[in-house]
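We call the chains A, B, C and D, going by the order they appear; numbering starts again at 1 in every chain.
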């Protein structure tokens, strides 16, 4: 989670600001962008059908922006809905919501909070979906037993004001590796450059992608699966000259194929796999033996969007 | 990793002990069970074929037991092969080893170290295999692009002395959940018992299993996959009266189906999913809405083995 | 780390954008805000004195923004200085830099990169300092043996363009708890509110603070220590009506006491400590026995700044 | 936590075993060593004094061994006290226990469970104590505001049967580094050895120590602090020829100075700090600039004990 994302949002002009006198020093100090909410709300919903159960495993966070100056400056809580209430609301609304996709649940949560809280000008709801898949037993999907299918999560981030709603979707923790079609050469050099050029390297990354939908009336699950598959296929097929090169190709292809997507931000750490020097042992390493490293790592980030 | 596993091994009589006088105090102090080695050796091997690459992603650790009293007591390192050398050896031997399974690579590493190091009486090699799967592109498996397939790992633990070798295999981080066929009732009560009996609860766990093979000449990959599938199927199908009950059924079935397995140890944390009380909001929660908790957790552990 | 902080920066207008035609589809797609760099550069520097060593333990990250369209769109790397070079530069410049504080090292690194790279318009350097303290042996500080002093880190974030430089400093991972002088009452209620009002609760948080200096000519270490102490003292002394109330008091006091600070952003998770109901066991819990929880948690964030 | 520590304990003969027929296959399968319990019980206790509060922050785990065959084999829970009850008991007993040290609380918990549960033959209680220190405000310790003092934990492990009780104490996560008086030379070499000998290296480790007391009537807090200080001082002062050499010296000194300690097990990962080659940049690195690495790491473990 991005601790200060809000602050940046706020600096774009969305958040209320107020000014107070600090009596002791007569220095004038004021409240800038601010928000509060509940994070880490763990929700598992079972949809009970006659012959089988469906499982949804989510982590939800809710955040309010609005007019909260009295709480900060004077300790007056009359306009503060407790974060405990946010948590209760997530569980209560999950009961009757179909939860067909996390985006629509986020939109509903944000709508609910705006309706009941005039002091709130903007509600942000972020939802992570943790994937489970049915166990295969005797070659058939089991009715009510599941296996957690990895650390990759689907995410949705809904932001709603009284004027507008935006929906972003994404994936996180999607680890990819390609063992061919990746090069890095012809780069700029300076006196501190020792890296060798290569036309054949391992490229590994953990994809964080976040895309903005053009509206709120989208077949979120279908389109989301499609965007993810486009990311995977482009990563696999691209003749990569650099992480930047592959990142841009991934974003470009998503925009070309998925008309519902306005822009996409990609964050691709370069998880370096270093070829091991086996020559001291009389062995030649023809790009077969690597050490996978965690630190340091390259970090390549960009937004790809439609031209105005 | 189990920091003091070695100590317990050692107490069974495997480790050398020596006795020295502590001159200052005349108290007699001695070296007890001891070992040293290298952990966290990250190895990725690509097997280059004409039309595609295979990928193996391992974390290896190596541990020596033997006669190391002079190093401890007198700072004499003549019998200490550096742990850096252990690391080099893992990379060098990986070059030509087929790596068809991690158990045979562990056996080969242990053999190599015993042959070259008379001062060593026992070598332990533990290998974790991190799963990757080929990307599916245009509905076909891709030749050289992969996705990390979750946090579940396959493990092998080889221990070799000059007299014998034992091979254990296992799985770790296998998260399972069943939403029916799980109860917990009829349990013992005391004045601190407030838990309600239930005939219908969510049962979730992260399986750690370790099984001992009866020999070293086993089709490790095939049998290992079979054991894992037996664990999954038994978990899914069992009418569970408790975690203990399901654990025993899982172990029993493995021994019944897989003659190569001598015994199996299972560690099953009970990852509690608590039903949320929605009655304050006028809603009835018919075991649909749960909060998934991390702490505290039950922990159920047992060995199931063949009768002598 | 904030994956998309850059994107938000970029949206404020700092990043170059370029427009390309996607030939296949004739859809017009363009590169938006983008950056690249190296993260997780682990640097330990020993300053060797005659009678003792000083220790500095840092994690550095470097990020470039500039004109990188050809790399993304065409795979042309001529303007891409490798991230490996960034890493080398950090180690090389650390050799002769006094490292009296992390802010001045960050400024120097950013200056160096801007001078040598006309294609770069903005360099961001973030440095975390991991604290160590000398061991006390025979009641005196030891000359060259150290203990890691916790998980709290000091951070600096320098951003430099050809026109200006800004320096932010901060602390992260500072866990605080107060067992009196904390209340939460008089709050807004709705039908999902079940929280009880309290005039006496445990307040625990992990402080993340980031403050902006008014210039680059500041006694960073001295002022930084002062700001941290002001945060601690205000947290301890404040009669808290809410996390918001305490957060604002902390920020206000920093601005009052430290003229070098322009604004401060605070992120305070509310790490809930729940009073345990012991009444089923005939015991009264007078706010003595608590369960410390990790999830869910409140999250309160705000900026406090000087009035224009 | 050591998942299979129990199994090893059990193999020493403590655990009950029972034999059942598996009707389907007529293979004879039996229950081996087994245990169950609750882990991750998070307990914060405030001791309210007139003018100040004392704070104790613990993580407790409880484990039972005994006659649990019917639960495993037949799903009969009559002898299973729920782990939820263990949790309740920890909170309830903490209310009136002075908690002067974690060892005596562990002993009391184990005694309580044995008295009430004839089906249990052995109770193990492990307690971690998370350190907090009072904030210093206006140069005086504050009455009720605290700062978490790092990741180092004090641990106690009590094991109690109807015949005997043993108490172990320890420290975990104690990160130490010395920048002089550490060498590694004269070691064994083989064809895979490339490590250079050194008479001057950085030695860094994260100490895990566990010592066994000779009885249960010990001034646990005082002695525990003393043992920790002995470990620190010996680490600092020792002329180290290897990690093994320093480990043994630490253990030996503890036994010499602290008559209450029977034996001590130490686990010392070698957290490698690699000298960075600055020669490509025309700089000489006189052991000043290091990269701190996480993987791979050496791991040195040994027990030091009194001679019989």
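Simple rule for what comes next: a contact is a pair of C-beta atoms (placed from the backbone, for glycine too) under 8 Å apart; a residue touches a chain by one contact, two chains touch by 3 or more.
Quick caveat: nothing in here was measured; it's all calculated off a predicted structure.
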item: Set of chains adjacent to chain C and to chain D; value: A, B
item: Partner chains that chain B and chain C have in common; value: A, D
item: Label of the chain whose CA centroid is most distant from the centroid of chain A; value: D
item: Self-contact between copies chain A and chain D, residue sets same or different by half; value: same
item: Which of B-D and A-B has more C-beta pairs touching across its chains; value: B-D
item: Gap in Å, rounded to a whole number, between the CA centres of chain D and chain B; value: 20
item: Cα-centroid distance, chain A relative to chain D, in whole angstrom; value: 37
item: Mean-CA-position distance for chain B and chain A (Å); value: 32
item: Chain A: positions in contact with at least two other chains; value: 42, 88, 92, 192, 194, 280-281, 293-295
item: Footprint of chain C on chain B - complex, ascending; value: 191-192, 194, 280-281, 293-295
item: Chain B-facing residues of chain D, complex; value: 2-12, 19, 22, 24-25, 27-42, 61, 63, 68, 71-85, 87-89, 92, 116-117, 119, 184-190, 192-195, 208, 210, 239-245, 247-248, 251-252, 255-256, 263, 265, 267, 269-270, 294-307
item: Residue numbers on chain C that touch chain D, as the complex places them; value: 42-48, 53, 55, 57, 88, 91-92, 94-96, 132, 135-138, 142-151, 174-181, 202, 232-233, 235-237, 273, 276, 278, 280-281, 283, 285-293
